[in-house]
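First chain A sits with chain B, and in the next complex the same chain sits with chain C.
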Partner chain A sequence: MSYKPSALRLQREAARRRVSRHSTLVALISTLAIGAVLSIVVSGAPGFKLVRESFFNAHYARTAFPNVLSGLWLNLRVMILAEIFVLIFGLLIALARTSKSAILYPLRLLATIYTDIFRGLPLLLVLLLVGLGIPGLQLSWLPNSAVVLGTISLILTYSAYVAEVIRAGIEAVNPAQRMAGRALGLTQTQTQRVVILPQALRKVTPPLLNDLVSLQKDSGLISVLGAIDAIRAAGIETAQSFNFTPYLVAGALFVALTIPLTRFTDWLTRKQDRARVQQGQW
Partner chain B sequence: MKKKYGIAVVVAALLGSLSVAVTGTAANAASSCKAGGLPTLATGTITIGTDDPAYSPWFDNNKPADGKGFESAIAYAVAKQLGYPASKVKWVKAAFNTVIQPGKKAFDFDINEVSITPERAKAVDFSSGYYDVAQALVTTTKSKIAKAKSIADLTNSKLGAAVGTTSYLTITNIIKPKAKPSVFDTNDIATQSLINGQIDGLVLDLPTAFYVSAAALKNGLIIGQFAPKAGSEQFGLVLGKGSALTSCISTAVDALRANGTLKRLAATWLGNTAGAPVLK
Partner chain C sequence: MAQSMVEINSLRKSYGSDVVLQEITTSLAEHEVKVLIGASGSGKSTLLRAINLLEGIDDGQIYLDGDDITSVGVDPDKVRAQIGSVFQSFNLFPHLNVLQNITLAPRLVHGITKEIANAEAMSLLERFGLADKAKQYPDLLSGGQQQRVAILRAVITKPKVLLLDEVTSALDPILIAEVLTLISELKAEGMTMMIATHEIGFAKRVADQVLFLHNGQILEFGTPLNILENPKTPELKAFLNALRGAGRL
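For the complex of A and B:
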């Protein structure tokens, strides 16, 4: 005997389809309407021609592109180097802050002071202090390149953010997990490494990647020290022509750079959710 | 109210172009520039913009309204020429990006050491130039280029300039050093970088170079200036694209040049800038 859906069920499904068709239609109409209103308002604005000319000028986009791209190459190198060190230092600081033993108290105190200061200090200030203050000491063995000092400033600031995110992850792991690990005969360190950290890091992957995306954009701030990154290259082009299109070119390149990372974050989060549903944790 | 004002502008512009067409001289265009009655932002007063901070020797102590410093003096002279006494001059702060942005400006004209180029003139209006400027290279006696005598001696140096300046173009187009130049937001940061030895030299316009080497640096030194043909680079007043005031203000600047006021003010506020050798 083959399965035959009841009349009631067919009716219910038809109703559902009707509602779905209806909402698609409504969504389509409202999108079109809002799009039309926006385009009329924007293109009808008295300054629209001027704005289009100064922000969306194909000629200046083409001439600025090579310089902005070579500036972006600097951003890329800085952000990758900074991201590696930020993850390492962030993890170390988080471990120091969450340590429990009495003998490590000074370390805990230092880590707390460090995160307090560098999370509170605006990045621009750190850049100026490190980038102009350190070479001001005139010690020949210290670096004085704007790029190196700028990267150090980024690492100093972002390590504090990332440390707090990782600490939150560690503290979100149920204390019973630690006890269970100890009860199984693992040492304190082993428990930390194979029980706590894997769970903690999994919990904070999305906010962690969020911080890294933010770091990618802030890598442009090292230009205050004189390095020519994508934004500064665009600024130079803009100053020559008084046309803002180069900034838009730089913006588009930055978006192109961060989209892969944000997509990756989304994908990772979804994968974790699915895994958790399968494990019956929800 | 607004409409009347618009008609007045059109009539003024028509009269202006008519008189030019009839007599063919620019001098008569000034007849439409009614003293103290131009279509300014606020009727009866003229609003002048400049950046904050406003640097010496162009301004004095970041106070544009005190009439001291070359550009402050020029601004008041232009206003006076147009029939606005000092009491009818209003200053507003205008950052560089707001000066060059499209659309309405918050000032009637801006004075902020902006060099006139044909490319820039597509986005804003410029008055006639009020100052012929040359670029110069500043360093310290400790720097490795302190003894440089020619452009060839600078090939291996790391140079800096402020963003938005033609000084940067002097590095990339004339000096052409091997190392990529450093580009700073302000002359202050650039100067600190020079003091720190992070750059070997700093390119500035000549009057600023004299000021920086004397006032901001301890062992300051001007290596020399890059001599363009006279008048090849000029500072101009900036107005919104298509401003109704441009021709009147240009006429005023031309008159100040003709009667020697520009030269006199430059001598008063910028001093003698002839001492810098020309680098070739």
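For the complex of A and C:
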């Protein structure tokens, strides 16, 4: 038998369409209104012409672009290297902090002190301490390149954040899972590796990626040590032309670099949320 | 009488001043099925968890196949490798599919190769009508299927004793039936089991002996018929009356 929608259903669907059309219209009008207000306020500002000239100049954007881009290549290498080490160290620190064994107590203490300090210290300060302090020791076997020391500073700071995220994930796994693993005869280490960690990392992937996005943009801070990255390259251009457009070029490139990762994070979060709704876990 | 597989001697356990098990002395012969009944908080779960060393005890001994597993220096992982445990809330590993869940212990604890473990797991799954679920993740299974997988995960390593802790309490009646059928089949194969349950009808069918726990003590024990038809202590009478009132008897 073929199904014929009832009049009631058609009525409901028509009502839903009306509501949806109405929302679209409201969204459109409010966007236009806010856009109009913004453009009037900004373009009507007394310094608008000057700002447009010194920040949005197409000529300087074109001439600065090659140097800023080659600076970005340095950022890219720094961020990828830092991300790899941050994930490794973050995982090790999180494991140390969540371990219960007595023999690891000193390690646990050290890990706690480490995360406390490096989550609290501003990255800029770490960069200055490491970047200027280590060469100041005048030990010939220590690295003194701005790039290396800058990358080390990023790793030091972000490992602390990532360790805390992973630790939260480990602690969010139902303790019954650990019990089930041990009941099968798995050792503490085996349970951690095959039962707890895979679940923990899955739980914290979105906040973890968020930290990596943040690390990517903060890789621009190594410029304070003199490394010629995108921001430093833009600064050099600006110093020659007295026009700030190169900074904006660098900014746009950084945003372009992080957008794929942020979109991916959003997509992953949505996917996990959907899975949770289907399982009815709220 | 067959040799004792599990022997429990004057077991005592307390949380602070709260005594949860006292003077528990009982034994479980090979191929025997013992059912623990009693109200929530009577100590059934604690007793089962004490046997597979998930719960430390204060006093007494537990022997598994003749060895004192509560003596100092015993490796609990080695003991647990010989005991199967199934819990009320299944506790399957959600990131592993059914086959991976079942083969984890054979591979990591008993050192069996992946191929052999997989073959053994598949033949178990086939025997109990779950072969088509092998590649599925636990979330997609019904509660009854999940619990049956959890039981197979516990028995694939041929444990000396299987401990079942209220394994049907989270299930609806139809799903309970499929889990109980599986347990009955294990009994027919000679599995030694200690079962904590509220399913009195099931206890009557599978138990060789029923123990009634009350406030951490074994108040009565005997054949299912004796315990259920002829309660002697007022506590057991009250417990059975309460079950009857709840329509569970």
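Operating definition for what follows: the second predicted complex is superposed on the first by the 271 of 282 C-alpha atoms of A that agree within 3 Å, B and C clash if a C-alpha of one lies under 4 Å from a C-alpha of the other, contacts with A are read in each partner's own complex, and residues count from 1 in each chain.
Here is the rule we go by: contacts are C-beta pairs under 8 Å (C-beta built on N, C-alpha and C of every residue); 3 or more make two chains touch, one makes a residue touch a chain.
Only a predicted model underlies this, so the values are computations on that prediction, with no experimental measurement involved.
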item	value
Clash or fit (per the criteria above) of chain B with chain C on chain A	fit
Contacts of A:F254 with chain B and chain C, given as first, second, both or neither	neither
First, second, both or neither for A:A239, with chain B first and chain C second	first
Chain A: partner with more touched residues, chain B or chain C	B
Partner chain(s) touched by A:V224 [first = chain B, second = chain C, both, neither]	first
Partner chain in contact with A:V195 - chain B first, chain C second, else both or neither	second
Cα-centre angle that chain B and chain C span when viewed from chain A, reported as a multiple of 10 degrees	160
Which superposed partner A:L50 touches (first chain B, second chain C, both, neither)	first
First, second, both or neither for A:Q177, with chain B first and chain C second	second
Touching partner for A:Y158 - first (chain B), second (chain C), both, neither	neither
Touching partner for A:L186 - first (chain B), second (chain C), both, neither	second
Overlay on shared chain A, then closest C-alpha pair between chain B and chain C (Å)	50
Doubly contacted residues of chain A, that is, touched by chain B and again by chain C	none
Chain A contact footprint on chain C (complex, rising order)	52, 54, 76-78, 80-83, 85, 87, 89, 91-95, 104-105, 108-110, 139, 153-154, 157
Chain C partner contacts - residues on chain A that touch it in the complex	176-177, 179-187, 190, 194-195, 198-199, 202, 279
Of chain B, residues touching chain A in the complex	96, 100-104, 117, 119-120, 122-124, 160, 163-165, 168-169, 180-185, 189-190, 192-193, 195-199, 241
Touching residues on chain A, where the partner in the complex is chain B	47, 50-51, 53-55, 128, 132, 135-136, 138, 144-146, 223-228, 232, 235-236, 238-244
